[in-house]
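In the two complexes below, subunit A is the common chain; its partner is subunit B in one and subunit C in the other.
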Partner chain A sequence: MGSNRCCSEYVPAKGETVIGIITAKSGDVFKVDYGGSEQASLSYLAFEGATKRNRPNVQVGDLVFAQFVVANKDMEPELVCIDGSGRANGMGVFGAAGLLIKVSLGLVRRLLAPHSDLRADLEQLFPCELVVGMNGRIWVRAASVQQTLILANLLQSCDTMTAPQRQQLFRRIQMGAL
Partner chain B sequence: MAGDSVRLSKNLLRMKFMQRGLDAETKKQLEEDEKRIISDEHWYLDLPELKAKENLIIEEKSLVPCEGLFYGRLSFRGFNPEVEKLMALLNPKDKKEEEEEDDVSHMQTDVTDEEMALRYESLVGTLKKKFAKKRERATMDEDDVNQNIVEKNSKKAFLKPQD
Partner chain C sequence: MKDTPLSNCERDFLLKAIEEKRRLDGRQTYDYRKIKITFGTDYGCCFVDLGQTRVMAQVSCELVAPKESRPNEGIMFFNLELSPMASPAFEQGRQSELSVKLNRQLERCLRNSKCIDTESLCVVSGEKVWQIRVDVHTLNNDGNLMDAASVAAISALCHFRRPDVGIQGEEVTVYSPEERDPIPLSIYHMPISVSFAFFQQGTYLLVDPCEREERVMDGLLMIAMNKHREICSIQSSGGIMLLKEQVMRCSKIASVKVSEITELINKALLNDKTARKAGGRCGFAESMPQERITALKMDQTSVEMTDVSETVSSIVQTAEAPPQTVPSPLVPVPGVGQIGEGLCNTWGLEEEEEAEEDDGESSGGDSVAEVTKMEKEQHKDDKSRKVDVVEILDSDEEEADVVILYPETTKKAKNIGTGQKGAATSRKQQKK
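Up next is the complex of A and B:
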């Protein structure tokens, strides 16, 4: 199961959405860490409704859900938080009251696959929301701190479990053992 | 307005502030006209037209379209209704779901077609009655809505008494 390797580094690809962390603000551009070999740039105008006078409320340390518009080996990668028509479509700053974890790239693929068992299992668990970045970062939030922690641990252990083991763990959680 | 009081020169018309009022169409026409003016000094290659070869190999660096991966924001059991709306909007639709939707909408239009036909049958008759004169209305009432002609008794004519 090559997709369980947790040391494979993410390589940016145009059009993919990732979770980035704002590391610096230099002039009109933010520097974003997405877990790759270099940092990406994110223009302050690349947010929905942003203009030169109406700057978006983005601080160093914020989490952003963004997509790559430039991603090749010759140029610095560039991110934006809007689509072609200028709409956010769920992208932008987020992160209040949740937890960010690092998982393998294979788990992201399994989580977002069209007919995913993992997603079906999560649906049976408890109300929660996730933001999944193709760079192997997942942000989770549930109704209580405890549930959020359970969810985070669950997803991180999914990397090293087989499907039956995972389903057993899910059942234990559902019955309130943890 | 007084006709043709001032004639504007060609150069004036070509200036940027005069072009702003023009339509996109007229702008395009002007550009094309300028391109067509090829003087003898304009050099060109006397070669046959070269066709660009069609490249049948497409390079795709991202896994997302290959595997049909879902949108990155997920919400379960209604935790975040806005995210659930985004999921419905942005996720690649199942083929089966699409077929079901088509069937349902097809059925709906079928029913409405029949309903429409029935409604129009009676509607035409009602409106016709409204605008018809009293004498015509009397004869009309005898007919069936579906134009089934009922046998009418012949008009009562004078019968000569037999001797």
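Up next is the complex of A and C:
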């Protein structure tokens, strides 16, 4: 969407984890769109347990949770799905049956903050899975399609609410009004 | 710049949700998003918001020579532009496929339906006719640009006023809006397009698809109709096979939607007319709500206010006395000033013992004695004056220091100055 006021462009930074979409497979490298001005590259060896013979099962259009190892203004950004010791540590391909939404960078940081009350409020609602990328992308999955949609819409509207408004809204949902 | 690609999981989720008859924003299958129509200050300028999709239409007119095949009719010209502001996928200047398609659809909807009486646009047959030009600009793309564009175009045409003309023999005078009131166009009916998106080979349909739904759809059916239930244009794209019953059902839905939208347009036109008559503020600037956060706005935080006064007084009593502030610069030594809070400089006190041991103390002492003697003299001479600015050139110091002297602090300066000057010179000699 063009003039979405809440979303500013994400600038990659080394060590930040983001949700990327695989756009192309060229040789040994995947091209990943993370919402920035360029596409990042992700080597097929940068997955846990990947070797030259044992390639990871990654298709174009898949979602990956990866972190930046190279992210400066002079070079093409590079992503990897393993940490320093070679373990996945939660990164890699994911995404079956969930919904990807775009939110503002501020909301994402609020969610990932150490003692975030936004997260505490969300935990009270219903069981769900969330993958939060620092590039403003959130993947949600709940028990049913309706719950996933409710959660997605909640997160997008939480952005511009104050804490009491948000808590009031969450309470209404818990009572089953929506 | 390329648009964000659609991931597989989004596509799967959207299709699954549609099978369960759920839409992303919670609408029902046949629901339109909220439509908002506003007009600008000029006649013929119209903004339409369809949810987050935003388009603007502007109508203008010009006197030109008519087409040779139709010397009695005016000319209608339509132009729809996909601005890069609307979506990163739109590139400036390039005629993309979508742009061509939308232009064609808009033309068929408005021109071929003969909604405007073009013969009334004729001024002098064969020589001068009015050319009405409708420019539609897309400002934000959140799906279903076609419907928004058609609503904007027809609203703008209804809103537009062309200048009045007077014909006397061969002379044609165009009156300005101040001389004679401009005349509205003669519009027979209002064709409005309704879009239907089809999924899973035509099994499921949605009215007014948003941008993500448009990305996963198989095909699109666009029906342009007016409120008299006359179909002005039908177009099916995407190559899906539709059954006759489906098309009939869509046309029934379209007639309901078109009558609702036509009412909305008429209401908006009426509101604008009354606002203009009342002389109220209308136009572009007013139609933009100020939704920006321009200042740091925080909710009031509640503060615990019980026994504040007792706590405060106890704190004040137990606390130390605040450090004395020196209101004016204190000059311990030439070149060193002290102002404001803080303890008194203890340099001089510590270094006094050290300086006594040193050799270079005598010379330092002499110059300081000179300094203080000068100060004393100044003090005696200029008792009346409060502030003295005296340049003191010391033999030891390379720079000329401008020092502000006060009579009160002179003595203090003398005491400390001795030690400090001695210390300064002793250190200098140590360095050497």
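Structure notes:
Note that the second predicted complex is superposed on the first by the 172 of 178 C-alpha atoms of A that agree within 3 Å, B and C clash if a C-alpha of one lies under 4 Å from a C-alpha of the other, contacts with A are read in each partner's own complex, and residues count from 1 in each chain.
Going forward, a contact is a pair of C-beta atoms (placed from the backbone, for glycine too) under 8 Å apart; a residue touches a chain by one contact, two chains touch by 3 or more.
These numbers come from a predicted model, not from an experiment.
Looking at the shared chain after the overlay, A:17 reaches subunit B, while subunit C stays out of its contact range. In the superposition on chain A, contact of A:119 is made with subunit B only, not with subunit C.
Shared-chain residue A:145: touches subunit C; no touch with subunit B.
Of the two partner chains placed by superposition, A:176 touches none, neither subunit B nor subunit C. In the superposition on chain A, A:128 makes contact with subunit B only, while subunit C stays out of contact range.
Once the two complexes are overlaid on the shared chain, A:84 sits clear of subunit B and of subunit C alike. Residue overlap on subunit A between the subunit B contacts of one complex and the subunit C contacts of the other is empty. Those residues of subunit A that touch subunit C in the shared complex are 1-5, 21, 23, 33, 35, 37, 59, 61-63, 95-100, 102, 139, 145-146, 148-149, 152-153, 162-164.
Residue ranges on subunit C touching subunit A, taken from their complex, read 1, 4-13, 16-17, 20, 22, 24-26, 52, 54, 84-88, 139-142, 211, 291-292, 299. The touching residues of subunit A, when paired with subunit B in their complex, are 11, 13-17, 65, 71, 89-90, 109, 111-114, 116, 119, 122-123, 125-134, 141-143.
The part of subunit B that touches subunit A in the complex is made up of residues 61-64, 67-80, 83, 86, 90, 92, 94.
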